[in-house]
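In what follows, a structure is listed as structure tokens, so that the remarks can point back to it.
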Amino acid sequence: MNPSSDDSPRDLPIPLGHPLAGHEDLIDALRECGRLFHSRGWSVGTSSNYSVVLGNEPVDLIVTASGMDKGRLERNDFVRVGGDGKPSFENQPRSSAETMLHVILAEMPETGAILHTHSVWGTLLSDYFYSERGFEIEGYEMLKGLEGIHTHQHRQWVPVFDNTQDIPKLASQVREALGDETDPLQHGFLIRNHGLYTWGNDVFAARRHVEIFEFLFECVARKMSLPLK
Amino acid sequence: MNPSSDDSPRDLPIPLGHPLAGHEDLIDALRECGRLFHSRGWSVGTSSNYSVVLGNEPVDLIVTASGMDKGRLERNDFVRVGGDGKPSFENQPRSSAETMLHVILAEMPETGAILHTHSVWGTLLSDYFYSERGFEIEGYEMLKGLEGIHTHQHRQWVPVFDNTQDIPKLASQVREALGDETDPLQHGFLIRNHGLYTWGNDVFAARRHVEIFEFLFECVARKMSLPLK
Amino acid sequence: MNPSSDDSPRDLPIPLGHPLAGHEDLIDALRECGRLFHSRGWSVGTSSNYSVVLGNEPVDLIVTASGMDKGRLERNDFVRVGGDGKPSFENQPRSSAETMLHVILAEMPETGAILHTHSVWGTLLSDYFYSERGFEIEGYEMLKGLEGIHTHQHRQWVPVFDNTQDIPKLASQVREALGDETDPLQHGFLIRNHGLYTWGNDVFAARRHVEIFEFLFECVARKMSLPLK
Amino acid sequence: MNPSSDDSPRDLPIPLGHPLAGHEDLIDALRECGRLFHSRGWSVGTSSNYSVVLGNEPVDLIVTASGMDKGRLERNDFVRVGGDGKPSFENQPRSSAETMLHVILAEMPETGAILHTHSVWGTLLSDYFYSERGFEIEGYEMLKGLEGIHTHQHRQWVPVFDNTQDIPKLASQVREALGDETDPLQHGFLIRNHGLYTWGNDVFAARRHVEIFEFLFECVARKMSLPLK
């Protein structure tokens, strides 16, 4: 259990020599994501995990520790991990089994931050469109907020992977999709009944992607329920 | 009427000798639950009640007093009660008739906190599935946040009890379900058109369970309204 | 336009001799209602009006001035009015034309505060059930939060009056319903496509009634959209 | 990326000689709109843009810079532009391509502020009613909050323009609709799958219009999903 935010040492610098020292600003940016996403209902019940990338090759990550309330993350609720998804320093808290998904995404040189959220609309769509292994979003101005997209006429394919407790298997499926030569996975994906992974070149960009996907998921789902004309 | 939060002595310690003295941290954790749940719309209109367990055998509880606005609970808006559900010290405010449900749940040795909330989605499902006396939730990653659950393939049965003003009768039905030898009631239940009871080994765990159940209730209810494919 | 909340003299006492002087606590309780209801989406776009009753016979009321943003009411955004619904002192801002509805409700000796809100769900139901001139709410535990109700089996009739710009005519219809000998209007009513009026013996009770009605309106409306079984 | 709000110089006056100097109050009013609209979900993912009008003839505008998080705008996240929609002083950040829409609206002498938001309900309705090029809203009391409207019986036509990346073309369509001699565009319009533009004689009035339109959009959309009677 992380302590309540009122009496926490959240604004004290992390002691020199600690694996997180010197990265307070990045950690605080993730904590702010947590407060926002929890208030939106996208990171409740200790779901979700967030990371910032310190290095891509080899992968050097700071990721949320396992089981924390995302609405009130403290500076020491994070773990520094390496390319094997394991803590790269001693005496750190445990990170989630899903850390390997962060590692896979952090291998791409342009990735600076990775955010996994868990919303109602994302969950519903991930199940509804699982049989097609994904769904397309097209024609929304909001798509232009995705990195590198310059027109609302863009067609965004949102892949849905099956949920599994075998994270290495899922990670290798995601790596394969990212490296697809004709149609590489871009911007984000869903895991069935589990939630969204998205990323960006920094925390700000990744957070923007979360907001955009969640907005679009709500549009897609609500649109399906409007009456036929 | 509890006073407004701005001019209240909320952060002063409770005087020595008062039945709540020394338990300020636990009380403050329940008050924080109240602020969160009220803002979510799960504890409006003075509905809901929350407790922490000081002892299981005999039961020694601190529970919200009756009729309080859950969004701005003060430290003295709580009552200390015993195994009969009645105030165990003199000169305390009245607690809700439902206190006996808290007592029944507090008899289990692992229970540290009990939270009763009252959301729109929980209310709707409790009525919709009353004729089946409950409903099953399966396949959601979010289920893994329930204590002791390690896979999304878990099937969670959410029993629905009929609402009644005869709380002792309801309490004995709940006790019977908790003690069922083949399929004991676990994690939480609904009362028809009334709301959720859930619990955990501390306030943090119980609050996590509230967030998880409310998330899942919204998923189940919204999923029913998606169009057929 | 009321000034922004940051640089406002909101916590200064009102000068002696001003018609609002000495009633700062009541006014602040209404302002807190405004912040809450605006954040819920029940008082947006300068809709809604709120009052506290200083005297029932003759009626002596403090009511919100016309056209204010309910999310950031200042102490001087209120008007003191008499039994004719007009300012009872000189040099006060204008109050809403609907003030006469507050006056009618304030004539009942037990009324201490009156709150008019304007939610999406209330608006939808007021139109949907207009042809029946109202609808019944029954079986919800939340009904027990209405003053004087002790069982969820209570049947609450929510009358819907037609909207009109002829407020004196509407006020006389409401007065007639309040005085009905066999089935008097109780707790609250809707105006078609316009919103809720509810009241209580103090601001706390009236606010509780708003929360309860809004919760129940959402339940009634969402329940209608669940699939048939 | 704009810096986080905690360590920002947001309350320092803008230095003399800067194109924004002396307009801190207007800028702060837009920033407050941003915080409100972001929290409502109407300005997420860096969508939306807001402006205040310093002069109508020639047009002199302060408008949000491109790509900013609307939930935490800083004082220097704004640009001063002229009647050509281009920065009227050197060394300013870039403004959005949509600035020309603000310029067109600012040419009307009564326009003091222009707010563009991007909600889920507005997005859905803009697509649903695109084939009719708009839709009518009638009978809602909330309509009376629109400037110059004095009865709920008012019929408000909300035009929907097709989305395009050719903003000058869209701007000329809007200018034509504003100048229509028999039925001029009033209060606001939607762009298909893109969002709302509305305006008022000051920031307060424009913000009120946003709240009113968003409320009415939600009513119109949800009403379509209620079952037939």
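Letters A, B, C and D mark the chains in the order given here, with residues in each chain numbered from 1 onward.
Please note the rule applied: a contact is a pair of C-beta atoms (placed from the backbone, for glycine too) under 8 Å apart; a residue touches a chain by one contact, two chains touch by 3 or more.
This structure is a prediction, so every number in the text was calculated from the model and none was measured.
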item: Turning angle required so that chain A lies on chain B, C-alpha fit (0 to 180°, nearest 5); value: 90
item: Same-site or different-site touching of chain C by its copy chain D, using the half cut; value: different
item: Interchain centroid distance [CA atoms averaged], chain C/chain D, Å; value: 31
item: Between chain B and chain D, centroid-to-centroid distance (C-alpha), Å; value: 44
item: Interface hub residues of chain A, defined as touching at least two other chains; value: 225
item: Arrangement of touching chains [line / ring / star / complete / other]; value: ring
item: Interfacial residue positions of chain C with respect to chain B in the complex; value: 28-29, 32, 40, 139-142, 145, 150-152, 202, 204, 208-209, 211-212, 214-215, 218-219, 222-223, 225-227, 229
item: Residues on chain D engaged by chain A in the complex (per definition of touch); value: 1, 4, 41, 44-47, 69, 118, 120, 123-124, 127-128, 131, 163, 165, 191, 193-195, 221, 224-225
